[in-house]
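Pasting a structure below so you can have a look.
Naming follows writing order (A, B, C and D), and every chain is counted from residue 1.
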Amino acid sequence: MDNRTQPPVRRIGLVVKPGEPRARAVVARLLEWAAERDLELFGNEQQQWDDLPIATVPADEFGTRSDIIVALGGDGTMLGVARLVAASGTPVLGVKFGTLGFLTEYTDADLFPSLEEVVSGSYSVDPRVTVHCVVERDGLPVSSAVALNDVVVNKSALARMIELDCWIDGLFVTNYRADGLIVSTPTGSTAYNLAAGGPILVPSMGAFVLNPICPHTLSNRPLVVPDTVNIDVSIRTRGESVMATIDGQLGFDLHSGDRILLRKSESTFKVITPRNRNYFQVLRDKLRWGGEITPPDR
Amino acid sequence: MDNRTQPPVRRIGLVVKPGEPRARAVVARLLEWAAERDLELFGNEQQQWDDLPIATVPADEFGTRSDIIVALGGDGTMLGVARLVAASGTPVLGVKFGTLGFLTEYTDADLFPSLEEVVSGSYSVDPRVTVHCVVERDGLPVSSAVALNDVVVNKSALARMIELDCWIDGLFVTNYRADGLIVSTPTGSTAYNLAAGGPILVPSMGAFVLNPICPHTLSNRPLVVPDTVNIDVSIRTRGESVMATIDGQLGFDLHSGDRILLRKSESTFKVITPRNRNYFQVLRDKLRWGGEITPPDR
Amino acid sequence: MDNRTQPPVRRIGLVVKPGEPRARAVVARLLEWAAERDLELFGNEQQQWDDLPIATVPADEFGTRSDIIVALGGDGTMLGVARLVAASGTPVLGVKFGTLGFLTEYTDADLFPSLEEVVSGSYSVDPRVTVHCVVERDGLPVSSAVALNDVVVNKSALARMIELDCWIDGLFVTNYRADGLIVSTPTGSTAYNLAAGGPILVPSMGAFVLNPICPHTLSNRPLVVPDTVNIDVSIRTRGESVMATIDGQLGFDLHSGDRILLRKSESTFKVITPRNRNYFQVLRDKLRWGGEITPPDR
Amino acid sequence: MDNRTQPPVRRIGLVVKPGEPRARAVVARLLEWAAERDLELFGNEQQQWDDLPIATVPADEFGTRSDIIVALGGDGTMLGVARLVAASGTPVLGVKFGTLGFLTEYTDADLFPSLEEVVSGSYSVDPRVTVHCVVERDGLPVSSAVALNDVVVNKSALARMIELDCWIDGLFVTNYRADGLIVSTPTGSTAYNLAAGGPILVPSMGAFVLNPICPHTLSNRPLVVPDTVNIDVSIRTRGESVMATIDGQLGFDLHSGDRILLRKSESTFKVITPRNRNYFQVLRDKLRWGGEITPPDR
């Protein structure tokens, strides 16, 4: 967590969850708020803005032209923004209507006071490791993407299981016979990985989890490896439909023999957070851990 | 387990796993063996027999015309035979090349001595509950099938999760947000259900397991219910591809609003087993439990 | 579930959770309420009643002299009452202060209107299977008890694991190397068994779960067996402290070679429940399953 | 893994698993072998050597006076040696009779050829993180120890659960209600942690796992944290017997209010391994993952 004072903010990129009914009123207030403070506020051309009087910039310039990005939606919206800023590394402030998410650190209720602080440079940045994924076919790259949560290789609905070979830094790990394989970042550890029996990794953990989904061999437990390793997965299954999904949002069809090369991305996804925020509080809230605090030095 | 002496066997139906290279020699020996004993041996028309001089009967008469069926293959072959004999209830002797399976109680090595015993009526029958599944759309049945292991409702490769509502005897249980839902018989409890974290049910247990696959809510643990209940599952998810699979072999596409009605079948699947066979020995072998026996009365 | 009208109630036995501060006021009101209706209300001699003017009867007559028992406390109190009424089979109405438990079907808020109904015979009885446990040493019984939730054989704090042999109906199952073994009824399936990775069994399920705690062999999954079987567990570990616990409340020290014989009890524990009560609603509440009901016939 | 050529070996400390019947012959051969090569071979005074003509040194000088230590036994023996060399950091060569363990990289069959290589400096050293544990009572340290696998805080046999509060770097994490809590190193991740549902951490992972044993709250999943953090656990439970165990071998009784302070040790435990050894091969063997290697570049 970087707690230093950040550079002041002049240019704010805006992303809104499509179809979110409560977003329109917030955007209208944001436009006023930005005009009063002489701040630039703009969207990107890929998003529909209907009749909202908001300037737009090309999607490929959106990250670099923004000092920060404000995302209205939920954790799913943040995952989409992560791909948009993968190259620029622009910090992102996530706003959720109602309750907080794992990645959205602000609610609509506290948005405007928080923004005042943020534009003055008073905020923290929580850098999250992302994973860069390349699909190779016949030795040549055919697709690539960056994931904030996870890259999942999985079977189609009819298939009972698929077979995958896995290498770490060139060493053979095992061949998994399973519904699929989740390669999760610490950020993604509380998402699909958790549902599939994997551990929680605190966000600062420099690690990935390899978590086979419903493996045939019960001792194929989740495997935690340093995020500095090279993870290679190849598709051994023949004649079955297999797919790679990026953060549950993008999908690539895979063929037998395809290799998926997974590496830590060069840049991180920077989540804007309130000062003195506590990740364990997020866990207790979202996972309903409960637990009252007793002072350690009673 | 029915350990009484069974009626003698005159007519043997034969099913062979397609593409099994070791089957041809066994079939040739079976033909000789049957001719010497004046037994009828025949296949069904759905199977390719190449140049093997074996009589065939229509698939829909195959079960009723056989005193027993001999299946050469593995547990997967037995699952297919289960659908073939769902109406007739013909006992089935499963033969696996090499090692035994959960349902195949004989190997090719002990086949002929075992058959001698079986045709004389010296064998046990282990009746397995099967589940009858009907898909209803707009209140009308559109498909039905019988499963020996399990009926699975699951998501396509790209979807992150689907949403299902579940009722038992008309009482609402919960709505599952998960990769899918396995409804498993005791026979299926050691198959996909086990990989998905479910319990093992001994075959004589009159029960089904409802096991959500990677549920979003971690307390959605597998639920064991009597096999006399009515289980209804309806598809709440919209716009996602969802499928029902029968024993991992047959698939139906499902739509939002479809209901899957699951009931115990009227007849059981009858596995021919050696006398005095011990299910726990099968578990120890297949699941590598190890464990040396110490006499209980030391 | 027995939904018929029950015999009217004249004699009410009372059990109160020791140290429960809110109980005194309720007991005082119960004494008035019973006097007004000319009902007998009494406690048992094992319980301290301080200066409360309540009659007491000997503990061993308490069950037979009560038409019903009212237990003020929580699920733990109900477990204790289960041992008290193991022989008599007296129905028990459980009252919890605040929120409902798995076994306590009434809160203090609805107690008096509910009691009016109950004394008129308008209630249901949910019979729960209990397990009878005998410890044999050198072939002779040395201890016995009845459990409503579970019998647990487990290790002491220092021991890393213990070794147990298990037989079902005289057939060797396996030898478990684990922290211990839970033998759970359907009622107990949502208690310790659930924390140890076991399945949920609906209360009407005629089954027990054998659930090894942290087994060394990962494929030693929970095993569901009919409640008609004989389960024998013997202690193979030498030199370690091992204990059997009954519903987490009573403990017996076990020695190497001891056998624990587990059988379904002859009588059930009868939980008084409101008419038309729904077990799945209890599960949704206690396990926070959430889930909105959508009518099955939309 | 440090693959450089190591300094030559002149002084060899020897530790033998007590009661291991096959050890005596190996020790006799080792004495001959060392004498022929003019190497010092000695034991430590804590161990009984019967009539074997072996020199001994005081236990507290054993580590510093040895260039390497040879341990005959299994993983349990290695855990004991880890405490013996916690201060000196002497490399340890583990020998197991029969099959390899997770920490014993040599069998008795390959011992002497391997020792020739090792004394010439041709070996690798795999440094394993250990955890230093201090128990504080009323603010004062009352006990301390170093663990190679894990520190476990757990309940006695009768207790159903204990309650623990956990802090990481002074931030409150949660209070666990569970059978206990395992704090495991990567080395320990394949031991008790695995049986308790935790993930596997490759040995080079700079992390600890906090894994509650049978937690009452099902979302209390294992938590992976960097090994640079301070982990503090305090005992909230009153009136129950609670114990801390070090590698399953040493135990301390704990009181309500005690705090257990867990930190990475300053020195590592150095396992002597053959050159080019592959951790994943160990996993495949010990966990029976199976899996044939297919070359990545087919």
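In the analysis below, a residue touches a chain if its C-beta (ideal position, glycine included) is under 8 Å from a C-beta of that chain, and two chains touch if they have at least 3 such contacts.
Keep in mind that what you see is a predicted model, and the values were worked out from it rather than measured.
K.L.:
Give me the superposition rotation angle from chain C to chain D, based on Cα atoms, as a multiple of 5 degrees.
P.N.:
Value: 180 degrees, nearest 5.
K.L.:
Based on the averaged CA atom positions, which chain is farthest from chain D?
P.N.:
B
K.L.:
Using Cα averages as centroids, what's the distance between chain C and chain D in whole Å?
P.N.:
A distance of 41 Å separates the two centres.
K.L.:
Taking each chain's centre as the mean position of its Cα atoms, how many Å separate chain B from chain C?
P.N.:
Centre separation, chain B to chain C: 36 Å.
K.L.:
Approximately how many whole Å separate the CA-defined centres of chain A and chain C?
P.N.:
About 46 Å, centre to centre.
K.L.:
Please set out, as single numbers or ranges, the residues of chain B touching at least two other chains.
P.N.:
Residues 194, 197, 218-219, 221, 287-288 of chain B touch two or more partner chains.
K.L.:
Provide the residue numbers of chain C that touch chain B in the complex, in ascending order.
P.N.:
139, 165, 167-168, 170-175, 189, 194, 197-202, 204-207, 209, 217, 219-226, 232, 234, 236, 257, 259, 278-280, 283-284, 287-294, 296-298
K.L.:
Mind pulling up the chain C residues that touch chain D in the complex?
P.N.:
Contacts found on chain C: 154-158, 160-161, 178-179, 192, 194-197, 213-216, 218, 241-243, 245, 248, 251, 287.
K.L.:
Which positions of chain B touch chain D when the two form their complex?
P.N.:
Listed in rising order, the residues of chain B that touch chain D are 218-219, 221, 288.
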